[in-house]
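Chains here go by letter, A, B, C and D, matching the order in which they are written, and residues are numbered from 1 within each.
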Amino acid sequence: MSAGLLATSPGGDVLVAAIVVPVIGILLLWLVRPRAVEWVALAALLANLGVAVAVLRTVSSSAAPVAYLIGGWQPPLGLALRADGIAAVFMAMAATVLVPVAIYARGAFGAPGERRPMVFWTMLLAITAALNLIFCGQDLFNLYVALELLTFAAVPLVSLDGSRETLKAALRYLVFALAGSVLYLLGVAIIYGAYGTLDLIGLASIRGPDGALLLAIGVMTAGLAAKTALFPLHLWLPPAHAGAPPAASAVLSALVVKGSFFIALRLWFDLLPPERAVAGSTLLGVFGAAAVIIGSAMALRQARLKLLVAYSTVAQLGYLFLVFPLGLGSGAAPFESTAWTAGALQLMAHAFAKAAMFMAAGLVYEAIGHDRIAEFRGLGRIAPLTVLTMTLASISLMGLPPSGGFSAKWLMLTAAFGEGAWWWVLVIAAGGLLAAGYVFRILVPAFTPPEEPIARVKPVVVRREAAALALAVIAILIGFLPLAPWPLLAIGRIAAGAP
Amino acid sequence: MMGLVLDGGIALLTIGIAAWTIRAGDDFAAVVGFVAYGLVLTLAWTRLGAYDVALTEAAIGGGATGVILMRAGARVKPAPAARASRRARIIVGALSAAVAAGLSAIVLLPPQPAPSLALEVREHLASTGLGNPIGGVLMAYRAADTFLETVVVLLALFGVWSLGRDAHWGGRPGPALRPAEGGALPLFARVLVPAGIVIGIYIVWVGADAPGGKFQGATLLAAMAILAGMAGLVQAPATAGRRLRWLLAAGPIVFVGIGLAGIPLAGAFLAYPPGFEKPLILVIEVALTVSLAAMLALIVAGPTERAP
Amino acid sequence: MSLAPLDAATLYGLMGAILVGLGLYGVVLLGGFLRRLLAFNLLGGGVFILFGVVARRGAGAGFGGDPVPQALVITGIVVAFCATALAITLIERLTEEDGDDPSGGGS
Amino acid sequence: MSVLLGLFSTVAIIAGIVFFVAGTVGLLRFPDALTRLHALTKADNLGLGLIVLGLLPYAGSVGAALKLVVIWALVQFAGATVAQMIGALAVREHPTSAGRQRR
C-alpha cells in the first residue's frame, strides 16, 4: 500500500476548517439569541468562502493536492482529507453559490428564531459541511456519513412550508435517498471485504479489478444515481425541487444533487481502469441522454415556472452523465481530456445558472403572486432585473455563447467529434434545441408588452434581485475562460490502474 | 457441529422472519415482524463474536427503532393493498435475486487471506490508552466519523423538529400527559429508571475496555427518560429551552473543542496529546453520552405538539 | 481463490446476501411508505451482517473479529435509526395532514 | 458432585424450555387476550427462572451469577407490568367479555 502513503501538506489545516467552520456555525445558531441567527449563518458562509478560496489558491499555486491526516493516522487505519484540483474548484464553486443564496434568503422566512428560518439556516450550513466533506473526503465510509448528512439536511428543506404536497414530496425524496444510501453502503461492505481498505488512493493502486469491485461499483452507482435523480430514477426530483422555498430549491438543484454525482465520478474515474468501464459508462451515457431528452420534453410541457425549472434540472443533470462515456472511452488520460473539463464546466455553469433561475422564479412569484407562465406578459416592466437574471441564466442553460453552458457543451461536442461518437453529438444538439424551446416559453411572454398592466402584488427587494443576478452573471462569465482542458482540473488525480 | 446447527437455525429463522415481514398482510403485523427480526439479528451478532454490535443492535436497531415503528404502526392507516403488476414483480424479483446471487458468490469465494486491519488496530491500541479495540477505532483512528455521526444525529433531531407546526415551535414534544392509569407503569418506572440509569452509565464506563460504549449507554439512558415520560413521572422539556439546547450541543462542542486543541498540542485535528489520551477520550465520551441520550430521547419523542 | 469453509461466517454471509435480496425487493415493490421503510431496515440489517461477516473473517491479532468493520456497523446502525425516525415523523405528519390514504402510492 | 450439578442443570434447563414451549403454544391456541397473557407470563416466570437456575452453577463467579438473577428479576418485573397494562387495555376495549374475541 505504498501508493497510499500520505502526509499532511503545509497549509492542510484549511481542510479541517472546511468541515469544522460550518459545524460550529450550526451549534452556534441554536445557542445565540434569535436576532443573531442570520448573522451567524452569514458569517459562517463567508468564512467558508474564505476557506474554499484558500484551498483553491494553495492547490493552484503549488500545482499539487492539499492533504490532511485526521488525528495524524495514516489510511487505511485513519481518515484523510485531500483536495485535488477538481475538488478545490468545486469547493470554491459551492462556497460562491452559497453566499448570494444566503443574502437572498435573509429575512425571507419571517421572524428569526421561528421554525422556518431556524431550519433553513441550520440545513444550509449542514449542506455546506457535507459538500466540503464529499469534495475532499478520501474514505468511502467517511463519504457515506457525508452523504447521509447531505440527505438529512436536504429533506427538511423540501417540506419547509409544511403543506401536504411538500410533505409528500419530501417523503418520496427521503425514500429514494435512503434506498440510495443503503446500496452505497452495500458497496462499501463488498469493497472492504475484498481489499481491507476504504481509502480511495489505496484502492486506486489495486490492479486488475475482479468481480467484487465491479459488483460494488455497480450497486453504489445505482444508489448514487437515485440520489442524483438520473433518469429513470428522477421522479422524486421535480415535486421536491419545485415544492421547496426558492432559496432552498436553488441549493438543492445547484449543489445537493451534485454531491452524489461527484462520488460516482470518483468511483468510476479513480477505481476503474478505463478499459473495464466501457460497457458500464456507455450505459450511464444512455441514461444521461434519455434524461436530457425526456427532462427537456417534460420541461416544455409545464405550466408553472418552478416545475419547468425543476424538470430542466433533470435534463441538465443528464449532460453530466455523458462525461462517463466521453471521458473514459477516449483511451487518453481521462483527466487531461476535453470531456473531463467539459463535465466540470457543465456542473459549475448549471449550478450558477440554476440557482439564479430558482431565485428569480421566487422573485417572480412574490412580485405577481403566482408563477403561471401563460400570464407572464409584461413581467419585464415590473421586475426588469429579475427578467434580466432569467435571460442570462437561460443563455447558459441553452448553451448560447458566451456562457458557461456554451463552453461546456462546446467542449462536450469537441470530445464527441474527436471520438467519432456522432450519437452523443445528436443528443447534445437536440438537448440544446429543446432547452431553447422551454426557456423561450418563459422569456417571450415576459418581454411582450402587456395588453393591460399586470398587477404587482409586492415590490421586489433590490438586494435579493442583485443576489440572483450576480449568480447569473457568473454563469455567463465562465464562458470567457479559455475553451480548452484546464490543467487545474488534472492536479493530483491518480488514474485507476496506473503503475 | 452443534454450533453450526445453531447458526443455521438462526440464519433460517432470520430469513423466515424477514420474508414474513415483507409479505405480512397488515402494517402492524409487519412492524411486529421487524422487531422480532431485530432480536434474532442480535443473536446472529453474538454468534459472529461482535458483542459491541449486538448491544447496539439490541438497543438501537431493534429497540429504539422498534419503538418508533410501533408508534407509527398504530397511528398510520394501513396502505391499500396495491399489488405491483406481475411483470414488475418478475423483473424486480429477478434483479434482487441477481444481487443476492452475486453477494453469495462473493461470500463463497473470499480473498485469502481475508483482508483485515486487526493487526494495525492492535499495534496502535496501546497509544490510545483504551482496551476495547472498537473504542479505539471510534474515538481515535476514525474519530472524525464519530464526530460527524453526532452531527448527523443532531441534524436528524432538528429534522424531526422541523416537521412540527409553526404554532408549536419551541414547545414540548408529544401529546399532553394523561393521568397515569393503573398503578403498574408508574411503579415500574420508579423502580426501573434508577436501575437503568446505573446500567447505562456502567455500559459507557466499561466501554473503554470491554463491550459497551456511549451509543449503547446513551440509548439506555434515553429509554429510561422515555419510560419516565410514559409513566407520567417527568414531562418532555420545551425545545426552545436554553438549558436543553446547551445539553444537546455539549457533546459536539466538547468533541470539536478537544479535536481543535489537538492541532497545537498533538499536531493534528482529533489527535490527543501523548499521556492524556484516555482521560481526554473519557471526557468526550461522557459529554457525548449526555448529549446523545438527550438527542435520542427527543428523536423518539417526536416533533413538538404543544405550544410553548 | 478457493471455496470458503462451511463455518458460521459463511452461513451468516449467505443469510446476509438473501436478506439484501429480500429487502431490495420490498423497497422497490411494496406499496405504502411504512412498508418500504421496513424493507429498507431489513435491507440495512443484511448489509450490516455482511460487514459482520467480513469482520469475523478478519479475526486476528487476538481479536475475535476485525474491529474496523464492527465500528463501522455501530455508526451505521445509529445513522439508520436516525433515517428511520425522520421518515416515520414525515409519515405520521402526512397521516395527520390528510384523512385519506397517507401511506399509499409512492413510486 | 460435578456430575450431580450437571444433571441438575440439564433437568432445570429442559424444564425451562418445556415451559417456554407450553407458553408459546398457549399464546397461539388460547382464545382471548387474558388467557394468552396467562400462558405468556407462565413462560416468563417459570421458564426463564428454571433456565437461570440451571445456568447458575456455570456462571463462574458470584458477580456473574448475581447478574443472571438480576436479569431474571427485571424480566419478571417488566413482564408483570406489561401484562397488567395489556390486561387493563383488554378489559377496557371489550368490557363485556373481558377481552374475549374470536381469533
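The rule is short, and it goes like this: a contact is a pair of C-beta atoms (placed from the backbone, for glycine too) under 8 Å apart; a residue touches a chain by one contact, two chains touch by 3 or more.
Please read these numbers as outputs of a predicted model, since none were measured by experiment.
Visitor: Once you count every C-beta pair in contact for both, which comes out on top, A-C or B-C?
Guide: B-C
Visitor: Roughly how far is subunit A from subunit B, centre to centre by C-alpha average, rounded to an integer in Å?
Guide: Distance between chain centres, rounded to whole Å: 31 Å.
Visitor: I'd like to verify one number: the distance from the centre of subunit A to the centre of subunit C, where each centre is the average of its C-alpha atoms, in whole angstrom.
Guide: Chain centres of subunit A and subunit C, defined by C-alpha means, are spaced 28 Å apart.
Visitor: State, to the nearest whole Å, the distance from the C-alpha centre of subunit B to the C-alpha centre of subunit C.
Guide: 13
Visitor: Could you pull out the residues of subunit C that touch at least 2 other chains?
Guide: Those would be 20, 23, 28, 33, 37, 50, 53-54, 57-58, 68, 72, 75, 79-80, 82-83, 86, 90-91, 93.
Visitor: Going by the touch rule set out above, which residues of subunit A reach two or more other chains?
Guide: 77, 141, 145, 148, 152, 155, 159, 167, 186, 190, 192-193, 196
Visitor: Strictly by the criterion at the top, what is the full list of touching chain pairs?
Guide: Listed in label order, the chain pairs in contact are A-B, A-C, B-C, B-D.
Visitor: Quick one: which bits of subunit A touch subunit C in the complex? Just the residue numbers, please.
Guide: Per the touch definition, subunit A meets subunit C at residues 77, 141, 144-145, 148, 151-152, 155, 159, 164, 167-168, 170-172, 174-175, 178-179, 181-182, 185-186, 188-190, 192-193, 196, 235.
Visitor: Taking the complex as given, what residues does subunit D use to touch subunit B?
Guide: 74, 77-78, 80-81, 84-85, 88
Visitor: Give every residue of subunit C touching subunit B within the complex, in rising order.
Guide: 1-4, 6-26, 28-35, 37-39, 41-42, 45, 48-50, 52-68, 70-75, 77-86, 88-93, 95, 101-105
Visitor: Residue numbers of subunit B touching subunit C in their complex, please.
Guide: 3-4, 7-8, 11, 14-15, 18-19, 21-22, 27, 30-31, 34, 37-38, 41, 44-45, 47-50, 52-53, 56-57, 60-61, 64-65, 68-69, 71-73, 75-84, 88-89, 92-93, 95-97, 99-101, 103-104, 107-112, 114-119, 121-123, 133-134, 136-138, 141-142, 145-146, 149, 152-153, 155-156, 159-160, 163, 213, 215, 296, 299-300, 302-303
Visitor: State the interface residues of subunit C toward subunit A in the complex, per the touch definition above.
Guide: Residue list for subunit C touching subunit A: 20, 23, 27-28, 33, 36-37, 40, 43-44, 47, 50-51, 53-54, 57-58, 68-69, 72, 75-76, 79-80, 82-83, 86-87, 90-91, 93-94, 97-98, 106-107.
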